[in-house]
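We just call them A, B, C, D, E and F in the order they show up, numbering each chain from 1.
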Amino acid sequence: MSWVFAILLVMLLAIGSFFILVGSFSLVKLSDFFKRLHGPTKASTLGVGCVLIASVGYHALGGTDPQPRELLITAFLFITAPISAHLMAKAALSLHMAERPPMPSGEPPQPVEAVDDAAGRDA
Amino acid sequence: MTPQTLVVYAVIGSMHVVGVAMLLALYRLVRGPSVPDRILALDTLYVCAIAQLMLFGMYLGTAVYFEAALIIAMLGFVGTVVLSKYVLRRDVVE
Amino acid sequence: MELAMASAIGILTAAGVYLLLRARSFDVILGLTLLSYATNLLIFSGGRLVPGKPAVLRDGVAPTLANYTDPLPQALVLTAIVIAFAMTAVTVVLAIRSRGDNDSDHVDGPRAERDFLASELRRLEEAREAAKADDAGGNA
Amino acid sequence: MIPFLEILLALPFVLALVVALARGLPRGATAWLAGLAPLLGLVLLAWMTPSVLQGWNVRADYAWIPQIGMSFTLRLDGLAWMFAGLVLAIGALVVMYAHYYLSAKDSAPRFFACLLLFMGSMLGVVLAGNLLLLVVFWELTSISSFLLIGFWSHRQDAREGARMALAITGAGGLALLGGVLLIGRIVGSHDLDVVLASGDLIRASGLYPWALALVLAGVFTKSAQFPLHFWLPHAMAAPTPVSAYLHSATMVKAGVFLLARLHPALAGTDLFFYVVTSVGALTLLIGAWYAIFQHDLKGLLAYSTISHLGLITLLFGISTPMAVVAGVFHILNHATFKASLFMAAGIIDHETGTRDMRRLGNLRRYLPWTSALAITASLAMAGIPLLNGFLSKEMFFAEALDIGGHRAMRDVITVAALLYGVFGVAYSLRFVYETFFGEGPRALDVTPHEPPRWMKIPVEVLVVLCVAVGVVPAWTIAPVLHAGAGAILGDTMPEYSLAVWHGINRPLLMSLAGIAGGIALYFGLRRLFDLHAIVRRSLGRSVFRWNMEALYGLAGRFTDRIANGSLQRSLLFLLLAAIAAGAAPFVGGDAAPLQWHGSQPMPLLGWLLWLVLVACAVWTIRLYRQRLLAVIVLGGAGLMVSLAFVFLSAPDLALTQLMVEMVSLVLLLLGLHYLPPRSPPERTPRRRLRDIAVALAAGLGTGTLAYLVMTRPGDTISGELLARSLPEAYGSNVVNVILVDFRGFDTFGEITVFGIAALIVHALLRRARMAPEKIMSGPPITLPVPADLAQIMFPLTLTVSVFLFLRGHNAPGGGFIAGLVLAVPLLVQYVIQGAASVESRFGFDYVRCIGVGLLVAGVSGVASMGFGVPFLTSGHLDLDLPVIGKVPLASAIGFDTGVYLVVFGGAMLILSMMGTIKPSRTRVSHLGIMEPGERSNRTGELR
Amino acid sequence: MNHLPVLPILIPLFAASIALFFEYRRFGMVPQRIVAWMSVAAMLVVACLLVGSAASGDVSVYLLGDWPARLGIVLMVDRLSALMLLVGLLLAAACLLHACAGWDRRAPHFHAFFQFQLMGLNGAFLTGDIFNLFVFFEVLLISSYGLMLSGGRGERMRAGLHYVSFNIAASTLFLIALGLLYGLLGSLNMAEISVRVAQLPPGDVALVQAAAGLLFVVFCAKAALLPMYFWLPDTYTHAPAAVASLFAIMTKVGLYAVLRLGTLSFGAAGPLDGFAWPALLALGAATLVLASLGVLAAQRLRALAAYLVLGSAATLFVAFSLHSAGTVGAGLYYLVHSSFAGAALFLLADLIRRRRGRASDRKDVIAALPDKTVPGLLFLVAAVSLAGLPPLSGFIGKLLLLEAVPSGPHTFWIWTLVLSTSFMMLVGLARAGTRLFWRVEPWPDAGQHTLEAYTPAHEAVHAPSRPLETAAIVLLLAYGLVLVLAAAPLLDYTRATATQLQAPADYVEHMRAATPTLREP
Amino acid sequence: MVATWRKRWLPSLPLSVTVFCFWLLMNDEISAGQVVMALVLALLIPPFAARLDREFARIGRLRSVPRMLGVLLLDIVQANITVALQVLGPERKIHPGFIWVPLDIDNIHGIAALTSIITLTPGTVSSALSDDRRHLLVHVLNLDDTDQVIRQIKTRYEAPLMEIFP
């Protein structure tokens, strides 16, 4: 392995882990659920993506795994992350009716009920 | 120091960083306050786990953890989906 | 490393046992789940803790315990996980059937539930009495 | 050689069966069938009489359990012959009497079957030549007498009397068993001949007191000796033929029979003498005294029976040869007059509708012949000369006066004997006077008259015997007595003369004094007290009842308090037992000290993950009352466990744990829908503290044990597994090879468990209608975007599933994981698209899928058996295909296919059943408590 | 290749799988019943053959997967295994007969569960591998859950929840013990474990003992020993009849495991030899006393039967804990007896329960009992047998046990215990019998309460007479009769079994000597 | 005839191709055997999976795919950095908000793709689709200019997607 590749890998790893960290950090730092919801997308796109690319490169160079199989992981993440985010947002919206913006057409918000026990904040 | 060891150090470092990220997610998981927060935290933990797996595979120079990472990427969202659906409707399968 | 594993096993066990002793079916199920984590880790560590040597044979590496971890406990844990899952499924369904049929999710059934409600009422009553007494005392 | 003895014994049992089964027969036929047993038995006995009288024992021997010296040995010696004759003869009379006695409502087959059963058991007792066999028949008499006493089962006194008799005599039987076993230990055999020949050995043994006590416990309970006599009067609730039989010739005589039987082996010590004579004397007096105050004819007779049995016991206790002779003689005499008296009492009851002497009287006017018979028998009971009772009583007096060596005892017994004479006359007089003389009868519903001719015949026969024996004993009873007593005494048989007149001697004077005293006592009592007003409660019965109630109360309290049906208690004790068992080896004086070994160093990352795991576990506890939150946090713990597996070289485990984690989460949420969202608060802090203590102890214990094990150097067979995995099982993922090959059998069981779990879920939810905790308003939500995305996922996940399945043998994966990877995406479809939509597109029969899977796995395992190798032996084949090249095929893949199908089918069955529970039409309020009007529908079953 | 040892596991597996294809609603009950009976018959034949070959003292070894015993899983058939197998199957035949009276129709998947249950039982008796024992325990437990719950509702669900939760907790403990044992000894083969225990360094003995102790706690919990029997009365009371009677063998599985491991793995004159017996003896005795109190206290006939089963298990603990060849031999005889007699009483209790209408099998409620003659007789026989009265098998069992108690300090109190508890059971059974069969109308002085609870004859449910049910009970009681008549040969067998258990070296030798057919040893 | 056959056995060529590539990518070596296996799966799985389809994909021109992917990649990187800076900076500078984005695209696959893209781009999360599928609710982490966000979404993503999924 040459230094060039090594440094490239190190950079990828650094970027990746940085964004993963920032993603989690935003979970802790931000004050509102919808703000926090933006965090994991960073982790699952650029964060994990960089690590995966690093992994592809590392295994290809090391000969342990010639195929760029990690791309499949990215593919799956790119399909599943929106599903998760969409549903979490929907769930949160149903709990926070007040924050829900009115429909653009002016009709009232859909009466989405929330599960009352889910709103419970622990004592 | 060889390029190899440099990368290994970087991998180890990254693993620790991701570990810290998991701790941060843990904070949200146990603190809440709302249920979607916890769901989000669990989801984040899963995402971090993928990174950990890949990093550990690099550290060992083996591909045996690929399947596990693939599974998390492919199905880790199931928990999130089901939990969110529960919050939305209680009836997970309608 | 063993210390961490053993302490984790211990904590999971303690948590599981505590929940196991609760009075509601769902809590018991949660306790059993925690216990099964502890158990799986314990069986697993019966093969000693060997990081980074999965028992997937590689070319050119002698198939000995020096190069690979002990695979047998892993196989045992796999079986244990599956069985624990099967049992969880049965317990959950049983819990909902029991609750559906008996109108109570108390593990000891509706009678225990009635006892519980009665004691809750008594407690409330006592609290109210106490409050009243306090009021009276305050007024005096 | 005709097996006479066997036939003799078998007759009653066989006929009992015949009578019981012959339901449609006329009553007369039933009675004749029943009577056949004693009659034929008597014939057989007569056949064997010559050899018995010549002193030969007739024996029959069959091995039963030779290992413990239990054999089916029958043995007819003089004593047995005498008793058998008594049992059969009186049995025959009782059958005859009973035929007329039983009313149309009573089930004759049932009665006679029980009676014959009892008769057979009694015969067994007297014929048994092996002590264990004797115990068998002994307890059979208890059981069959229980049935007889409780024959009128609609009456509470009958039920209680039966239970009391069974309890007391049954307990005595158990004691006897203990005694017999002890004798067996001393002698080394249970054969009666051997035991009887080993008297010295037994008496010399240190176990003798125990053996004696236990045997006597059997004897005394059976023959109603004080203080366990009280069951006998209560057994009077039985129909009179039963009383006549049980209390004259059989049940109670079994006790004294045993005393006689084992006399050679046990008697002859001071212990024996003092215990038996004093119990006998006490019983004698108490029975007689109480008899005076009974108002019920049968009650009076019962107490008199107790008294007479006391007398017989006393005689055997005295143990001199003459006393034994007297005892045997009195057994015979008592049987005859007591049977006739009971029958007479039965006739009176039958004709007047009452047995209460306070209402009877003057019956000689109405039933002259019966009265004459009864009066004669009563006089025999009182011991009036020229009747048989007189002879044995006089022998008793003679023996009482003749006791040597025990001066004090002699005096006591002499006084007792005199009192016995007095009391005996008094109660006999009361019986005669208040029934047949004086005024009355009072307030009867019927006018009494003589019973049917045939009903009196048994009484007549017996009374004639009383008189005959009393007048000419030497011509009538002498050979019988000789045979009976001779069997007990053997060489020590004394010279005695049976005659009415022995001149004026002290016994005669005692007799006369007794008669005079008795008359004086009865009439004196009558003058002093209103006898009719005295109501005696049975103290014994009260004590018994009280004891039983105490026992039931104790049992009830204990049982309720201990096994109170609380799951928490069950679990608590399980945990405590486990903690105790785990800690026991390390506590105590000689326990080995623990050997601590060092731990491997742990990287920081490890501690980070450890922290996550532990925090998740602890917060699950903190949040457990808010169930949804607990489930989410628990998911974090599960993920961390998977990661631990990853770092500790177990990729397969990690995969499986992950998959199971996801499915479990779904499962818990599906379940939570039908459960309250929160757990109510704990009741008592003390309880919580206790639980915390137990939890900590369990955790500490498990953790410590785990640490100690983990840090020890290991020595396992796994090295060989690693070495042989690739060359012999053709797989490089050793864990998977273990699962499908080395220990494929475990996996077989595991998938069976999985399949069964799914079937249980199916069975439980198939038709269940359950009220969900909360029904959301509006139609099901649609999720078009996630649905679309998940749909893209689906074929890809299928591909991954196939991939994991095929690769499993050489890389992480395998049938189980692949099966779940197939199931989970489908589940996601259920969640996102709704059950109806998915199931309309995929017409899976998951139940059959499980069946097919199990069959595939089984068949692939069985296939190897065709090649002469064991089940599940793997084969390997390298297919050389064109284009593709070499394709390695391991037969284990067939097995894994089965696993795959079972897991997929099982997981889907569970999840789809849980997802598609039919909601009950009743709605629940937000508290989860149904409104009152809706309760009827709550069972959850479809109508 | 002699495949006999594996057949008792495979036959029910295949039968169950096939039964899954014949769903009642489409095919009716007949195909399922045919499958079930063919399976039971085949297993009975196999079991007889196995008993025949084991009787000679031979230990059959079956190397699954053709791996040497230490690597793979091994099935071992010695006298004990063969006996347990046969007893279980004979019992199963009667239960199946009872179920075929129509109860199988009401419980979805009954026949599949039933066959799985037999598979689990047979597997547990046959396996020579301790983890495989766990697996078969789970198979038999989970199928017992199925049998107990399928088609049920109401209280049975709650009782089932108890049963299931308790057993899962116990199974968890089982796993913990196995994990520790494997970690300490490095083997799962029961015989191999005994060899390794014998070579244990002194410092590890206490650890192994702790693990073995946990294991024994599990088995004792399944066998319902104090203080872990609380689950049993409730469960057995609420289980359907055929199932409750099949459960009569379930407590015996725990006992089997105690006996097997106590004599083999942790016996064999190793450093652990006999470590558990004193405790088990004391607990067994205490359980026996409590069980007899339970018999007295039981308000329902089914609870009474449950306590009798409990008492029989406790008696067996006493017998086995004395660990002499004589007591173990006697205990095994008693085991056979109590399985059959207990099962018979459960079936009978159900019969009575249904005939008494809403009074059910409650002792404290007076109710008419239509057609009581046959049940009454059967009850009499079962009660006499269970109370240990002559001349039935219970008496012989207790007699053998008393006879076998070695002379020594224990003799006195064990005799007292056995005899006095027999007495209490006798009293309890007599009371139950008189109340159920004799007290069929209230007596005149009965209180208002009694009169209100009274179910007169015309209100009693005339449950359709199902001849198969009675036949099943008669069959079970007939087994008892055979036990009486064939006591001597059976005792020879059980004593030989005990001797074989006491000298496990031979067993270990057989295990080690077994060589794979194709592979290298 | 051919159409029904195709619909039944080869319901979606893109899907078959995807499965084929997926298989080859997933395995650690490409051999003849693997290619055959990939072909088999590519033929077997889509008919099976297609049973789930509610609305079949109408796929138009694929010309704009590479360009759009490039744009997306660039946006993801750029937005990641932006959002990272926002998160690390003081929170008061963040002004989040919801906006309803009116949709012109009506192909459900297109909508799904658009939603995914919006979510995958840090700073925006698509939270709900109106029942008539005409509006998409988007949460924006830092909402300075509503119209600009809407415009960007519509031009950068919706337009090319409408080409791909007409």
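Convention: a contact is a pair of C-beta atoms (placed from the backbone, for glycine too) under 8 Å apart; a residue touches a chain by one contact, two chains touch by 3 or more.
As the structure is a computational prediction, the values presented were derived from the model and not from experiment.
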Where chain B and chain F overlap in contact partners, by chain label: A, D
Which of C-D and A-B has more C-beta pairs touching across its chains: C-D
Euclidean distance of C-alpha centroids - chain C vs chain F, Å: 41
Intercentroid distance (Cα basis), chain E paired with chain C, Å: 29
Inter-centroid spacing, chain D versus chain B (mean Cα positions, whole Å): 61
Two or more partner chains touched - positions in chain A: 18, 25, 37, 39, 65, 69, 72, 76, 79-83, 86-87, 90, 112, 115, 118, 120, 122
Touching two or more other chains - residues of chain C: 20, 25, 28, 38, 42, 44-48, 52, 54, 56, 58, 72, 76, 79, 83-84, 86-87, 90, 94-95, 97, 101, 107-108
Numbers and ranges of chain F residues touching at least 2 other chains: 22, 26-28, 115-116, 126, 131
Every chain pair meeting the contact rule: A-B, A-D, A-F, B-C, B-D, C-D, C-E, D-E, D-F
Touching residues on chain E, where the partner in the complex is chain D: 1, 3, 6, 10, 13-14, 16-18, 20-21, 23, 62-67, 70-73, 107-109, 112-113, 116, 119-120, 123, 131-132, 135-136, 138-139, 142-143, 145-146, 149-151, 153-154, 161-162, 165-166, 169-170, 173, 176, 179-180, 182-184, 186-187, 192, 202-207, 209-211, 213-214, 216-217, 220-221, 227-231, 233-234, 290, 292-298, 380, 384, 389-391, 395-396, 399-400, 402-403, 407, 415, 419-420, 422-424, 426-428, 430-431, 434, 437-441, 443, 487-488, 491-492, 495, 517-519
Touch list for chain B against partner chain C, complex: 56, 59-60, 62, 64
Residues of chain A touching chain D in the complex: 75-76, 79-80, 82-83, 86-87, 90, 111-113, 115-118, 120, 122
Interfacial residue positions of chain B with respect to chain A in the complex: 2-4, 6-7, 10-11, 13-14, 17-18, 20-25, 27-28, 32-37, 39-41, 43-44, 47-48, 50-51, 54-55, 57-58, 61-63, 66, 69-70, 73-74, 76-77, 80-81, 83-90
Chain F partner contacts - residues on chain A that touch it in the complex: 18-19, 22, 25-26, 29-32, 34-35, 37-39, 41-42, 45-46, 65-69, 71-72, 78-79, 81-82, 85-86, 89-90, 93, 99-101, 103-105, 110
